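Here come two complexes built around subunit A, the first alongside subunit B, the second alongside subunit C.
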Partner chain A sequence: MSARHDPQRRRDRPAERDEERRAFREEAESLVRITAAPTIWSGHFLLCYCAVAIACAKAGAVPGWLTGGLLAASVAALAAIGWVGWRAFRQWNVTDTGDFSNPEGEAEDRHEFLGHAAFLLAIISFIGVVYVTMPLLLVEGCR
Partner chain B sequence: MSRRDDSPAAAGEHADERAPRGPYPPTEAMLAEPVPPELQAAQAERLRKAWETPKGWRYWSAVNNSEVGVWYSLTAFCFMLLAGLMALMIRVQLAVPENDAISADLFNQLFTMHGSAMMFLFAVPIFEAISILILPAMLGARDMPFPRLSAYGYWSFLIGGIFVMGSILFDVAPRAGWFMYPPLATEEKGPGSDIWLLGLSFIEIASIAAAVELIVGTLKCRPPGMRVNIMPLYAWYVMVVGGMILFAFPPLIAGDFLFELERSFDWPFFDPTRGGDPMLWQHLFWIFGHPEVYIVFLPSIAIAAMIVPTVARRPIVGYSWIVLSAVGTGFLSFGLWVHHMFTTGLPNISLGFFSAASEAVVIPTGIQLFAFAATLMVGRVRVNLPMLWIAGGLAIFTAGGLTGVMLAIAPFDFQAHDSYFVVAHLHYTLFGGMVFPVIAGVYYFYPFIAKKRLSDRLGKWAFWLIFVGFNLTFLPMHLTGLLGMPRRIYAYPAGLGWDWLNLLSSTAAFVIAAGFAVFLVDLLRPKSRQPQIARNPWEAGTLEWSHDVPEEAWGARSVPYITKRYPLWDQPKLVERMDAGRYYLGDAEEGFRETMITSVIDARPLQVQRVTGPTWKTHGAAIFTGGAFIFPTFHIYWPAILCGAIAVGFIIWWLWSDTARPPEKEMKDVGLGLSLPTYASGPKSVGWWAMWITMLGDATAFASVIFGFFFYWTASPDFPPPEALDPVAWLVGLAAAAMALAWALTRAARSLNRAGRLAAARGALAVAPAATLLGAGALIFSVLHMSPTAHVYPAIMWAIMVWVVVHSGVGAIMQLYCLAGSLAGKMTPRFDADIWNVALFWHFHALSALVACAVLGLAPMVLT
Partner chain C sequence: MRLTGAATAAAAAALSLAGCAGRQSALSPGGADAAALGTLFWVMLGGAVLLWLAMNGMFFYVTRVNASAMPRRLANGMVIGGGIVLPTILLGALLGWGLSILPDQRQPDDGLTIRVHGEQWWWRVEYWPEGAAAPVVSANEIRLPVGERVGFRLDSDQVIHSFWIPSLGGKMDMFPGRETYVSLEAEAPGVYRGQCAEFCGESHAWMAFEAVAMPPDAFDAWLDAEAGAAAAPEGGAAERGAALFAREGCGACHAIRGTGHVGQVGPDLTHVGGRRSIGAGRLAATPEAFAAWITHTDSLKPGVRMPSYDHLSDADAAALAAYLAGLT
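Then we have the complex of A and B:
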């Protein structure tokens, strides 16, 4: 696997390892946490779709304030995904360990792997939100 | 997920006594200590006895994953062949212009059944079948956690499948297209649409059962040490697909529920003359229908994720990227459904959202293909037959993906909609993304399943026949479609430029059929004279290739401690130690079938799960469940209700006699000095997880019915209609209060029982069903004065009522079951899994009852 992967390096820091070990134990919920970014995408998607569908069905038009509000929601969603992604990137910790693929059956690798997966999902969710925002900017009216 | 998994103190007062004891993880010194040969032989003998497959006619009472998985796969494969024959008949009819080989009516039945059978009877079930068959071995598990649930699912599938497929022999098959659009399907005479609805609802329930089994299996039955970052990619895909099934199938079940109420009782959900809306069906169908495509695709590509590293002889490149790909696709695929409805007149801006999401899903879908390509590029590739099928599949899938990118653009779709271009596109994605990888999987896993090998020569013949035949059949259809030929027409005039294209497609369809014939011959030819195969014929790195040759029914001789993604490559002496029984559960001293339950994230050993053995109870349950679904097809209701009651009886008998019984001893030595509890309740038990997952699916279905209510409100200017009667408010309020009371009593019974206050717990459990029935009764009477056939507004109110009342019935049975368990000594303060599961059901049910009461009682005031 990664040539820079060096397990020896970790064993040199026993105090830090204990602290890390505790942190790893405390993340039993992290399997759910990797879905945070795509869940934000889903929420944003549903909000846009439902708001526009109701506006078109009930008012026959999408009022400017609604488009503005949804664009603001897009910005908020992107910011939230960005934050999730940043935290996940820190959890992956690739800049310190140089370990890109985390293939070992150890707590640290599992911890960093979940960070990596969450980070990648944040990227894809970010792109998803940008895509779904484009019709708000490019398509007008309900026709 | 629960932090409780990791901190014993949080799981109740007896947790410490039932916490795992002894060293974990095992040291190298412990693993290196040999097991005496006499002991090995005695252990093997005991295991063999516990896991013995029944002989003679009793063979069919087996529930072990290796038997049920094989039946399931073969049945799905048979349905696929039948649906393929139907396709051939369609192609014969379309070979030349103005043909009259078959009647228009039969043609309609054929294309409806071809689509329905390929999707519901082949594509989804084969995923469940293959997963049940190979997943436990990949995880070093002895069996799935609920073998009888798999068996029940299989027998339900078989009965439902034969019923639906058989209808074509009696000329009563559904004929309104595989998506059953109203009003065509609701107005259709004869039982065709009912057969589709009820037969397939029955099979959908079997699918959800399989999803529950597979999700719990992946999360809780991994071998010790197999953390989430080293589990086989196949398991990741299975988990994602299981989750997708839970959110995708329930909207269809809700749609079927409304549809059948319209067919049977004339409640006008989809009838615009009485306020209904056919678009609701389209939404519910495609909220299911699009994720369905990925439900079919992901597990097949998961097979590729197992074959590619073996061929490249190196670990997969980009493990995390593939996980991203699976999870990301799982989410995004739920934002695509309207791209099947681009021409229904929805606002353009809405189409824009779905078009955007449809383009976004291409990214994760593409990433996994690049990961496979990268693995092959950096590996030391040794091409084998399964890889040939994977390569062919990826080539075809890529072509289908590209036309998908085109069709996701709404203006292009307006042009190509309902033409043969779409037929070409969907067959390219499904053949490339599903059929080829699954056949690759059959070739790859055949030595594991049957302990024999398929022929390389015949396999190559089959591949080239199907590959060439496929492209000659479906590539021309792009052009036929662009030249304007619509789908689902049974004849066409000459001279439109379609003639030679159709003739080419029809001829080549028989080349595909020839390829399948070769494959079938290879699969079924006797192989008894074949010499014994090598244990790991492909030199793969994953755990399923530690299987025993010749076959043993015990799954894994001992459950290993895993520290690598490819344990057979990277953990020396692993197989040798497994065989010696050096690892966990290498014995069956008490003669029980057992497997290990571990924690969700890090797979630390938690419990020994006793799994159930051969039985006929599941057959009884499946047959009578079948009756409950099949009789209403012919509008015969009393026998259906009787069948339903008997099915419930069988299920209660099965649960009562064999599940969550107090064990003969609380702790058990599982080897390597580790002692594990033999019983668990609440979030530590697999049953509780299964209930949680089932109820999540159930809640999704309920949410879909509620969505229907609000859909009518948005889609129609006069909903609720001004002159309509509303539900009786005080009765709705009474129902809400009674349901809340029933919930509180159930929840209290759980705590009282745990605290040893048995009389109080039994009292609560005796009063709770009365409260439940009071609530259900109040709800019935609150809508009784409204006529459900008059307008969709009373109809949807009735539908919500029916949903809640039926669940209340189930809830009351569960309360009484716990009461009976407490009185009979099956459920005690220490062994209380039943009440934990029932309380969990009630959390969900109380919530949905309150939502229902809010809609019935408050929405009329708010919305008018």
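Then we have the complex of A and C:
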């Protein structure tokens, strides 16, 4: 990782750039990774709202086991987003490089930038899941 | 110039604050539910102002007061603390509090239920006292006893409407084929104004009603009277009006209990003269307004199903108006 802090050397040595490209080649596929946390959030949102809507329409009330199941799903979603966020934080690698914005456009920069973006998306997804869960705890019944 | 600007701003502020008072304002509550919503509004506004001041205060600080480079740790603290932690906690607390008082607006009623059916653009109203086998049918006006929680069972004819008496509580949508429920408890006797709060067609803005909160004894007496048949008004003009009502075929659409008129297309007119408004909040219930309504429905309420009876002579319209205004 220290090579990136000496851009002069990196530009002068095309062989090293090729090596970097190979090292971060998986980036082409890993764009998907930054959508993981928002996908979990939206899945959780749909699960909660659809399940409660169906229960209210068919039974007129939300059974306790459904509330419990959705709360368990919330915990699972938060854990999954937490894991995605932690992975993304490691990928951003800000504690090692001290580089917040990764402006250089090299493969490693792109790699770390995607980690940064995924990390921020994980934070907002985490908050989103918490806010979606709150009505489960605070609003009883279907009215 | 500056002084003039300040004076204009002050006048504008005073005017807009004056708009917060009145009988159709969520900010001048006449009941427990509206009071809760009013408090909710002010606390939400306080939270928003706090957040705005904190965020913009920080922007101001870093761009104007201390624009030099600052330690990374402090900068991170401001971005993470002010941008993520503070809003999340503040919004979470406001959301939690808002959700916790939401069920209060759906509490069961104390016995009286009022069924309101939204039409384009008026309100079919049925009073169902506790244990009643048949409702007391009325229209375009809601009366309710003070100090009792009254349940409203709401639905609609063709399009979505929304039932809202801002001074008494929150709004609730009315759907065709699906019943919704809201309960209201008036605390101060008074006349409030309700308004359809969901766009429902060209005369949506004219779809309103008067909501009268009465002392319980007065309400019971009123409901007894409302349940009865119409007393035929006396007097030459009113009696001629009754004959005109039959001749013009008004009873094909309007019911007047105690007569042969049983139409169900338009509002029940059994005690229409005792209401505070006609045309669903459109005009005050005076004889002149009845005459104007009968002869100019389409200009007073564009799109309304009732045709204008503009072929009536002034004398006939006045006679019909005298009859209707006498149906108290």
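The criterion applied here is as follows: the second predicted complex is superposed on the first by the 120 of 143 C-alpha atoms of A that agree within 3 Å, B and C clash if a C-alpha of one lies under 4 Å from a C-alpha of the other, contacts with A are read in each partner's own complex, and residues count from 1 in each chain.
Convention: a contact is a pair of C-beta atoms (placed from the backbone, for glycine too) under 8 Å apart; a residue touches a chain by one contact, two chains touch by 3 or more.
Just so we're clear, the structure is a prediction, and the values are computed from it rather than from any experiment.
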Q: Quick one: classify A:Val139 as touching subunit B (first), subunit C (second), both or neither.
A: both
Q: Would you sort A:Ile127 into first (subunit B), second (subunit C), both or neither based on which partner it touches?
A: both
(Q) Of the two partners subunit B and subunit C, which one touches more residues belonging to subunit A? (A) B
Q | subunit C-contacting residues of subunit A that also contact subunit B | A | 127, 131, 134-135, 138-141, 143
Q) In their shared complex, at which residues does subunit C touch subunit A? A) 84, 88, 91-92, 95-96, 99-100, 102-103, 106, 181
Q. Taking the complex as given, what residues does subunit A use to touch subunit C?
A. 123, 127, 130-131, 134-135, 138-141, 143
Q: Flag every residue of subunit A that touches subunit B in the complex, lowest number first.
A: 1, 25-32, 34-35, 38-39, 41-42, 45, 48-49, 52-54, 56-58, 62, 101-107, 109-110, 113-114, 116-117, 120-121, 124-125, 127-128, 131-132, 134-136, 138-143
Q. In their shared complex, at which residues does subunit B touch subunit A?
A. 1-3, 5-6, 225-230, 315, 318-321, 323-324, 327-328, 331-332, 334-335, 346-357, 359-360, 363-364, 562-565, 599-602, 714-715
